[in-house]
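This report concerns only the one structure given below.
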Amino acid sequence: MTDGPPTVLAAELIRWSWIGNHLDDIRDDLLQHLQLTGLAVLFGMLLAFPLALAAVRWPRLYAPILGLTGVLFTIPSLALFILLIPFTGLKIWTALIGLTIYTLLILVRNMVEGLRGVDQDVREAAQAMGYTPARQLFRVELPLALPVIMAGVRIATVTTIGLVTVTALIGWGGLGRLFLDGFTLDFPTPLIVGVVLSALLAFAADLLLVGVQWGLTPWARGRGS
Amino acid sequence: MRRIRLGGAAAAVCLALLVAACGGGDDALQGGTQPSDKSSVIVGSTNFPEQLILAQMYAAVLEKAGVDVTTRLNLGNREVVFPALEKGEIQLLPEYNGSVLSFLDPKATATTSDEVNTALAPLLQAKNLVALQQSPAEDKDGWAVTKETAAKYNLSTLDDLKPVAGQLVVGGPPELKTRPAGLPGLKNVYGIPDFKEFKALDAGGPLTVSALKKGDIDVGRVFTTQGVIAAEGWVLLEETKPLEPAQNVVPIGRTDAMTDQVKNALNALSAKITTEELTKLNAQVDVDKKDPEQVARDWLTQQGLI
Amino acid sequence: MDVLGNLISWLTAPEQWSGPSGIPVRTLQHIWYSLLAVAMAVAVALPIGVVFGHIGRGGLLVINVSNLGRALPSLGIIILVFTLVGFGVVPVLVALTALAIPPIVTNSYVGMRSVDRDVREAAEGMGMTGRQVLWKVELPVAMPLIMAGIRTSSVQVVATATLAALVGLGGLGRYLIDGFAQRDLPQVLGGAVLVAVLSLLTELVLGRVQTLVVSKGLAERSAAAAVGAKVQKAA
């Protein structure tokens, strides 16, 4: 086996002309990334909500739901996507179903924790004031659970942004397509662009969600939490 | 509370935007041709540079012919991409007639281009696919060793591997282990025993190239049109007995998408692709690190095709 | 179910358990990559989190840089480093270590900051130097959170070490990548199950280590606090 220091390729690290020529592709990849992330988090929230409500309403369901989500989370994402291919081929659903399952796992836990964290006193006060269960949920419990739920949405969103790149291996990928381009062509520029953009995207999404949380919970601002 | 109502409105707007993006954005969501008088084609490719060059060439000549083209390139290996073609998720794929034949019928015995094409046609038709005219260009699977390895073990043909295989590490794409022209072929046709180790890397891509350069593998699967072979001075082991049939480059497409407009454009292109030209183009991408789309278009302009 | 049957026959087939492509070898490779990465991450992240936590400054910087690290896509990093240095174990280690650092930094910092001001002042009052306070008071109190951070990192690293297979290395990810390429779904499923089991085992083993490492007094105190909170709520 030949030994020696690692070799750096002759190709320059960033070929600006490549970026200039591929702005359209980069834009399309970014849009695809946003689309996949947004839809996955949205579907995740829509599915997690009833599950979380059930776990809170019927505490016996809590442990099994938590256990199941915990175990499912250990399945490597790549495996989940690959195993969906025989059913949904290389269509967008393969990526979306996989991504949604992962956001679901994170969101259910946080929604349940958030709702359970609401003080019993507050619940009783609301009932005493004559709130129906639905009104109680939407006007009292959810707003109070919001910080914990939003923490979950933040984690789910940042995690999904990373996972979307993995879907490049099954024909999608958003900015992850740039990783494959760089890999196939043995050329660092698309890789660097892809890594920087997806990191920035995750960072920006996190900041945006912090802002949303801040906007939705005016009562928490004073405490500086 | 006003704030929650505002939140609700914002959520509704977001939902609407997302659904709009979902519906309008991706043509690939719709599996077939659109009901308009303009032909449209989704061009796919597998995952090595030559495929990217060929697919970009197809896309460029089709665009010139007034066809609406979408590309979904670098999707994976044939095992993943061909089913996508069968399902209509892509409609056109640059292929190699011999390889597709073995893929669809591992027991096929055809060897010459004509025999292969004849055997292939009914198999494709059964899947609503059709092969257009082939190119003179052939890209065959090869086995490469470094100059040093060739000298050390006295290797110039594949037969020379027989006595020393147990001491050598072979590398190639994961499917090398199962494809008839891969390791099974070496065993069945040449009687070469198991190698010391098989490392699953990629199809003549950067993993295989790097591993062969660094000595992490001794024998690497490459493609005969790759520019890196000459650039590195590697030895392509000679095939004294054919491991695989003819491998002409041929566009394979869904029958309903292959309109006359599409066929004429692609056939004109295919006639001009020779092995020498293809090897030169590959070298520009592999070795000079030029962009496949650029390389494809420049060549097409030179040839007067666009 | 047919699928379950195929999976079980794949898992129990003798070829799977011997040779360089067998489950034992690949599991060891997988553990090796993960162990190296977590060890390197601890070596880098723990001192940073502890020192900043001890000083009490720069917390915002530490946590934000750490969050930025969380945003880095492992797939991209591993391929990028491969493109720069070529075939070998370096790309995997860089990507996995980068993944492991943020939770350890954050948790170490927060753990150190969680030491009660009174406790710190009492220690100083007893005549302890800053360094003694760090080692004898702050670190032990921060241990639960530090261990939790290492645990989270380790489980993430074990799950992500499947990426090593993408750059031609070994580990349990090979079953995913090769199974995919060879259209051998029982192999993919087998690999998924093995990785999931390994992740769970990692979580359990490190949980055990955590109970051993955290001082009994602290463990009892936090358990009592949890019970106390429940009692309060019920009342």
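For clarity, chains are labelled A, B and C in written order, and residue numbers in each chain start from 1.
Please note the rule applied: contacts are C-beta pairs under 8 Å (C-beta built on N, C-alpha and C of every residue); 3 or more make two chains touch, one makes a residue touch a chain.
Keep in mind the model is a prediction, meaning the values are calculated, not measured.
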{"item": "Arrangement of touching chains [line / ring / star / complete / other]", "value": "complete"}
{"item": "Greatest separation from chain A - chain, by CA centre", "value": "B"}
{"item": "Interchain centroid distance [CA atoms averaged], chain A/chain C, Å", "value": "20"}
{"item": "Centre-to-centre distance between chain C and chain B (centres being mean Cα positions), rounded to whole Å", "value": "39"}
{"item": "CA centroid of chain A to CA centroid of chain B, Å", "value": "33"}
{"item": "For chain B, residues contacting two or more additional chains", "value": "80, 206, 214, 216"}
{"item": "In chain A, residues with contacts to at least two other chains", "value": "169, 183, 186-187"}
{"item": "Contacts with 2+ other chains: residues of chain C", "value": "82-83, 86, 88, 180"}
{"item": "Complex contacts: residues of chain B adjacent to chain C", "value": "77, 79-80, 171, 173-175, 177-178, 197-202, 206-207, 210-211, 213-214, 216"}
{"item": "Chain A-facing residues of chain B, complex", "value": "1, 3-4, 7, 14-15, 18, 21-22, 25-26, 28-29, 47-49, 52, 72, 74-76, 80, 83-84, 87, 89, 205-206, 209, 214-216, 285-286, 289, 291-294"}
{"item": "Contacting residues of chain C [partner chain A, same complex]", "value": "67-68, 70-77, 79-80, 82-86, 88, 90, 155, 159-160, 162, 166, 173, 176, 179-180, 185, 188-189, 191-192, 195-196, 199-200, 233"}
{"item": "Sites on chain C touched by chain B in the complex", "value": "20-21, 82-83, 86-88, 165, 167-168, 174, 177-178, 180-184"}
{"item": "Contact set on chain A toward chain B in their complex", "value": "1-2, 10-11, 18, 21-22, 31-32, 34-35, 38-39, 42, 85, 89-92, 138-139, 143, 169-171, 177, 180-181, 183-187, 215-216, 218"}
